[in-house]
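Think of it as A, B, C and D in the order they're written, each chain with its own count starting at 1.
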Amino acid sequence: MRDVQSERDERNVPLKHVGIKNLKYPVVVLDKKNKNQHTVAEINMYVDLPKDFRGTHMSRFLEVLNKFHLKIDPKNIKAILDELKKTLKAQSASIEIMFPYFLQKKAPVTKIESYMEYKCGFKAYDTNEQYEFYIVVEVPIQTLCPCSKEISKYNAHNQRALARIEVETSELIWFEDLIELAESSASVPLFTLLKRPDEKYVTERAYENPKFVEDVARDIALSIKENKKIRWFKVEVESFESIHNHNAYACVDSDTMEV
Amino acid sequence: MRDVQSERDERNVPLKHVGIKNLKYPVVVLDKKNKNQHTVAEINMYVDLPKDFRGTHMSRFLEVLNKFHLKIDPKNIKAILDELKKTLKAQSASIEIMFPYFLQKKAPVTKIESYMEYKCGFKAYDTNEQYEFYIVVEVPIQTLCPCSKEISKYNAHNQRALARIEVETSELIWFEDLIELAESSASVPLFTLLKRPDEKYVTERAYENPKFVEDVARDIALSIKENKKIRWFKVEVESFESIHNHNAYACVDSDTMEV
Amino acid sequence: MRDVQSERDERNVPLKHVGIKNLKYPVVVLDKKNKNQHTVAEINMYVDLPKDFRGTHMSRFLEVLNKFHLKIDPKNIKAILDELKKTLKAQSASIEIMFPYFLQKKAPVTKIESYMEYKCGFKAYDTNEQYEFYIVVEVPIQTLCPCSKEISKYNAHNQRALARIEVETSELIWFEDLIELAESSASVPLFTLLKRPDEKYVTERAYENPKFVEDVARDIALSIKENKKIRWFKVEVESFESIHNHNAYACVDSDTMEV
Amino acid sequence: MRDVQSERDERNVPLKHVGIKNLKYPVVVLDKKNKNQHTVAEINMYVDLPKDFRGTHMSRFLEVLNKFHLKIDPKNIKAILDELKKTLKAQSASIEIMFPYFLQKKAPVTKIESYMEYKCGFKAYDTNEQYEFYIVVEVPIQTLCPCSKEISKYNAHNQRALARIEVETSELIWFEDLIELAESSASVPLFTLLKRPDEKYVTERAYENPKFVEDVARDIALSIKENKKIRWFKVEVESFESIHNHNAYACVDSDTMEV
């Protein structure tokens, strides 16, 4: 059968990324406490396409993925990219992978346990010149508005918010540690199961610890800066304001902090 | 050209609905204050398909829609369905149409105006035996937890929530009136633009008016029951809990209230 | 601490459903071939709320769920609902649970294996009078347009589509069997990994087997009707038309077929 | 009332972006043929926050937006950003705005007209050093697979795809021109309303004009390169494969082409 993809292309346009997007796949990822965690990933995988070739071979992305037997961890991601480059005769290869990740979490007072969902993942970009590896966590938190507290006789508006942390590192950093960092920078963390004494605690704790999205972004950034394993980072906090139908947003990355 | 759709089908399976789904179309809808409002609708249109025919003619749904020159209001929806039944030789025809709808809203203290988005729409089902017409509004609101207020020294968790009202009626009911009904049943309505005196007001007002999703659903239901134009209704309230990563939900319809 | 939820409500409005929505939780479900499959569920759980009580106790839904140690199967769903009714002193209890479900699937010619994602789940409604249990599968398939094939010199437009099957049953029916039924009614099934001989096969097979959404819905309905374990069903097929930016849709349920 | 936002911050962390996200607002945009088009925008607006201030003033973003009376066009976007910088005492200001945009489009043979939806918008970033302005269009198209055509006796798999073009420019470029460029690079454009002679045409035309996502990306890139008003661009094409449940993807930007 003719291999149309491998035919010579005369348009003289190299492509930055070609590949597959939005693939759902069962994976097993590392878990700090339980060693492994089964979850369901959404995966993008790309290589570059030199100007001389008409197309890439989409099926080979799957074949490479299957070679790794559903295991995805910071160590084998480099191997996946190497294999992609080899199999697809490419100069660069990338992977973006996100999945729900669960922690067993104790309620703050009653200590009853339940599972809490976070979105975690990796992004890796490999060219012949360099290898960049990113860890991503998305942590749902609560923010309680310092302005609303200050100007009101009682109460302060509070709401669910999302803290997103992306770090570049050459070493293993546990999702658990980044999640802890986001939760400790919030007005109060979220919990899946709270009994009344717990609800009293989180309600009061949030009021004693009011935070703008700006505050949360800054506090996360300061904690991250202390971690010498992290070479670059970006922190985004978005709160689903309980007084508005739009969101408040703050963002800081290491470049901003250098200025 | 052969008309495959009109060919005889021998499988003896009548279809309940066949048609088009998720069509985006520019429309002009009625506005209580400004007469007309331009918006962008998402439209589903169906007819039944008798067991003898293989397929419906999807293009005719668009032709019928185009005949009405982008105007969509409770009055011409019946005419659209009649035209669909005629054009497609069907016994029944349905339309579901939802769109963003904006009201100019004054901040509670400073009276500064801004636009607030609601999702509104119609659903209509026409068979030879009966015609059912529904009006739908989705209203973002705030709920403040009565339990959290009661058990805590200070503060109470509060959050953005969504109240969804669906009413069956044979007469015109303004979106504005259903929206007002949802907002007045909330702990406090949402606003797009609030200055500090407004923020103080909504923060304090919510605390003085704590509501579970159960309370909001019941209060909306009681108000709707007083409207004699409404033959059937369903009220759903879902709050994006600021202490959890899941939502609280309450639902009541006229049938439940009869029991 | 005061139990605000349990306080007497004077509004005289019983609520149909109160509970939690959009909870993400790790679960283990039954797998026909491998016994068990780990996945991530989205869960709604409700009970009714009698007119005399102000609110339900949201945390108890989680406590009940946790009692079942993440195992979700048709057999323990009835037990979950019984426990919900008992714990929450309710007359009715409901659960809706959907999750990604993976099958290892062989390419049609080369027989290379890869994982294919389906969305599967259960819905169960328990009142004192009756217990209704539903199995749901959402199966991505391909449809190739019979009209386009007939009127064109060559080619026919084809596209990804989604077949959704919901069945009411009192016995165990495997997801695998419902999925097989949807795939065998399509122009051709989808695959995650296809080499060139496979791609040739599916391209030709689809052309030899053109189907409207109407055809797929009817063929699935006829197959389901033969299964005596199924008491009620609904089949929906929606195709993401490759010639339009909207979708084609067909729906049939057992009631339609009785008429 | 105390102005908490303006209070001095000691953490020494300047923020890159603070502002509002996911605001829905009614807007009027420029239309090449009809002068104006009413639509509904989703808007993000940010400024930087110097290290000395604790928070930004979220309500002022809305006040600035309201000053422009719902008109959004390339010319006043610069003025909006200037006003943001002034009002919020910021060094940089950004806006991202996307909206459904409709064109009246003729079917290729019968010339019947209907409306076709595109997603269009602007992004603008203003610092004291430079002003960057981007135009974005997302154009749904069809791709027909050259490999599938080549290896199969008859037929070729085809599918809906999305071409996304982002260009940086200092001059006005009509959405209509970028859309035309994407549609003419596809196997065939999409249409909302097609009668049978039109369906025959698009079916045959796609088969005569097979394109990988790689081909579409390259052909769009080559056309854009000819436009001297465009200083930088990025082209992404993603096809919702009719034989897979994941997507094929290609991406090229001006930097890639320089290499």
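Assume a contact is a pair of C-beta atoms (placed from the backbone, for glycine too) under 8 Å apart; a residue touches a chain by one contact, two chains touch by 3 or more.
These numbers come from a predicted model, not from an experiment.
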Most distant chain from chain C, judged by the mean position of its C-alpha atoms: D
Same vs different contact residues, chain B with chain D, by half of numbers used: same
Chain A-chain B separation of Cα centroids, rounded to whole Å: 35
Gap in Å, rounded to a whole number, between the CA centres of chain D and chain B: 29
Centre-to-centre distance between chain D and chain A (centres being mean Cα positions), rounded to whole Å: 25
Junction residues of chain A, two or more chains touched: 1, 3, 23-24, 117, 147, 151, 192, 194, 196, 200, 245-246
Chain-level touch network, classified as line, ring, star, complete or other: complete
In the complex, chain A residues that touch chain B: 116-117, 140, 142, 144, 147-148, 151-160, 188, 190-192, 194, 196, 199-200, 202-204, 206-207, 240-246
Residues on chain B engaged by chain C in the complex (per definition of touch): 1-2, 4-5, 9, 11, 13-24, 44, 46, 48-49, 54-56, 58, 146-147, 150-151, 212-215, 217-219, 221-222, 238, 245-253, 255-257, 259
Complex contact set, residues of chain D against chain B: 1, 3, 23-26, 38-40, 59, 62-63, 66, 100, 102, 112-115, 117, 192-197, 200
